[in-house]
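Shared between the two complexes below is subunit A, which has subunit B as its partner in the first and subunit C in the second.
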Partner chain A sequence: MKEVELDCYGEACPVPLVKAQNKLKEMEVGDVLIVQIDHSCAMKNVPEWARKEGHNVEVEEIDDGEWEVIIEKMK
Partner chain B sequence: MSDVNSSTGSSPSGGSIRRSSRSRSRKKKKNQLPIGVALLALIVAFGIFLGTRNEQLVLFWITGLAFGYILQHARFCFTAACRDPYLTGGTNLTKAVLVAFAITSIGFIAVHYGAHLRGAPMPGSAYIVPISAATAIGAFMFGIGMVISGGCASGTLMRVGEGFTMQLLSLFFFVVGSLWGAHDFGWWKLNVILQGKAVYLPDVFGWVGAVVVQLLIIALLWIAADKWADKKSQEA
Partner chain C sequence: MREKKREQYDVVIIGGGAAGLTAGIYCGRARLKTLIIEKALVGGLATYTNEIENYPGFPEGSGGLGLMELFKKQAEKFQVKFKLTDVKSVNFEGDKKIVETFRNIYEAKAVIVASGGRPRITKAKNEENYLFDKGISFCATCDAAANTDKTVMVIGSGDAAIEEGMFLTKFAKKVIVSVIHDEGKMDCNEIARDQALANPKMEFKWNTIVDSFEGEDHLDTVVLKNLKTGELDPVKVDNCFEFIGYEPNTEIFKEVLKLSKQGYVITNEEMETGVPGVFACGDVREKGLKQVATAVGDGAIAGVNAEKFIAEEEVFEKQIMQKEKVGLIYIYSAIDAPSRELLPTLQAIEKEYEDQVKLNVIDLYKGKSLCDRLSCDVEPMTIFYTINGEVESISTDCSVPAVKKKLDELVKQNKGA
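== the complex of A and B ==
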């Protein structure tokens, strides 16, 4: 199992989403992707997309206005 | 290490996705309550100050704040409404925007019809402007701009207020572009915009017809958005 961190601090929506999509594509089932974001809009659409794709998703607010979206690739 | 693993199902609470055990240094969050109370007092004080000058300004102050608050907390994003159907296949925001259009349409028609009954001048009639290919081209360019800059006008303002500093850049060039546009607007209006034809739906379809046609178009778009999301999620 691999764990990858994707630094998207300072990137506006939809850049974090596209980056997460591309990164997750090259990962394997069971791997965990941690997307670090500070754009509140991306905090909404990254989890929404990942859940729709059927992955396990958790969102953690690690600081005021900074989040980690943890995605476990399921398929 | 409490790496209890559960690999199936979506997890509502934290900690069920297995993660590496490296300790995450978590900064202690500052208590923002005092700042919030101070800000609220400031907002009220400024409202009272405005009230001594001009009562209308108080209304603008309150509606502006309310608008920003709702926009921020609802994550209402016109950019995402136009962009996400392509990018993620999600159309929740698109549908939300369409519902907002439907509600405001009814509100607008009520205001206009009221003015019509009283024989009063139509509020906002100055905004009934000609449409032409320029409208479509301009809308397309605006769409490209807002996707690149990460927000439309209201979205950019909201995110700057939220503290997303990168979009201060968007705000700056948004102001520059608006000023440039305002500077040349006379020429565009004379040579391009006025070549089109102004359409006021109640003149064309009558009052009831205008409401029906408008809401019907919005309903069709809503259904299309709904179907689109279904189709996209099946492809995925």
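== the complex of A and C ==
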């Protein structure tokens, strides 16, 4: 099981979502992808997309307006 | 898989929108250990709105996101904790309410459900393939800038559809609105309607619904269907925004709370769900007007009542159901003379059994919720006998010999134990 960090700081929608989708495709089931974002728009579509796909999602607020979306690939 | 971490709180609030944040402010200020669980961005659906002009206190208007950040700051000031994840399941059966996420189990004395709603989708053909980044969006504020000089479609004619549609005209070169009604008729307020009709960048397709969404990887065509003629009308667009109302986030409450036919949580005006210690507030409730202003009102009521519930629970556990002595709980009513007149008699009995018997009196009307905890229907002049914190028997015989006989028996039993 590996953990991958994806730096999306400074990137606006839909860039973080597209990057996260591409990255997750390369990963194995059980791996964890950590998407780092600081645009609130990505907080609406990245967790929602990942949950809809059936993955486990949790978000950590690192700082005011900075988040890590933690996605555990489930399938 | 690692074992889930258990954490204890006084109050767990499910949902961090306007209602949940307000409930959090009230609970935090009452010094309750409070946790708000939000699945994504704190602020809820209000953050999808570009402009909130009718929330009092902001005469210049406020952005949805900015306003919700202020709510959050205020909750944090009162030490409210936030956890950004979604709730997988709940169990409200015991005194300890359980709220489970994928990594944690939270135990709470009271739970406030403020899980709100989410945008409804059209359920037209191929819609699933284009959600979020592939052409179908629900948030003009989020995606407007990415549509500069593009052609977009808006589905719906309510306040959200028309107001967000007009906001999009600041960026897009053309905004085509699919309206289900006859020409000129919209669900939004009249001011918005007149402004929209006069907006040169807006074009309307009357009597239409979406038949299908088409495109290679990304949406490029929305096929509209005319409800009157049945005619299909493929419209080339770069992106599509759906604003056709909301549905409640109540899947995990289906078996545990009473829901309306549409899936909203049914509560009374005190935000009580019918499950003791579980309250619901905001858009998730079955109610009329759904606005930030009404969510705030709901949240305040839910927060205060959660606090009251926890306080009463403590009185009930520590005082009424005390374990040290044999308990004599007397239910009376201040407006019922015979039951009132018995009070001194019972106080005298308690004195006689000093150190061995503890008398608690509950006014049936003022302490109704305490009575409810003992039993659903009690009449004035009912006595509950308790031993070791448990109800041993219930009696309506309040004569001095009968009470003393019972107490003698229980005191003996208590000493023997």
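We adopt the following convention: the second predicted complex is superposed on the first by the 75 of 75 C-alpha atoms of A that agree within 3 Å, B and C clash if a C-alpha of one lies under 4 Å from a C-alpha of the other, contacts with A are read in each partner's own complex, and residues count from 1 in each chain.
Here is the rule we use: contacts are C-beta pairs under 8 Å (C-beta built on N, C-alpha and C of every residue); 3 or more make two chains touch, one makes a residue touch a chain.
Just so we're clear, the structure is a prediction, and the values are computed from it rather than from any experiment.
By the document's definition of touching, both partners, subunit B and subunit C, reach A:Asn56.
By the touch criterion defined above, A:Val32 reaches subunit B but does not reach subunit C.
Applying the stated contact rule after C-alpha superposition, one finds that A:Met1 touches subunit B and leaves subunit C untouched. The larger set of touched subunit A residues comes from B, when the choice is between subunit B and subunit C. Applying the stated contact rule after C-alpha superposition, one finds that A:Pro47 touches subunit C and leaves subunit B untouched. Once the two complexes are overlaid on the shared chain, A:Trp67 sits against subunit C while remaining clear of subunit B.
Note: residues 12-14, 17-18, 40-41, 44-45, 48-49, 51-52, 56-58, 60, 72 of subunit A belong to the subunit B contact set and to the subunit C contact set alike, using the contact criterion stated above. If you check the complex, the residues on subunit C that touch subunit A are 39-41, 47-48, 65, 82, 84-86, 101-103, 131-133, 139, 141-143, 145-146. Within the complex formed with subunit A, the subunit B residues making contact are 7, 9-11, 14-20, 24, 26-27, 29-30, 32, 72, 75, 77, 79-80, 83-84, 87-90, 92, 147, 149-151, 155, 159, 162-167, 170, 233, 236.
On the subunit A side of its complex with subunit C, the touching residues are 12-14, 17-18, 21, 40-41, 43-45, 47-49, 51-52, 56-61, 67, 72.
By the touch criterion given at the top, residues 1, 3, 10-15, 17-18, 30, 32, 34, 38-41, 44-45, 48-49, 51-54, 56-58, 60, 62-65, 70, 72 of subunit A touch subunit B in their complex.
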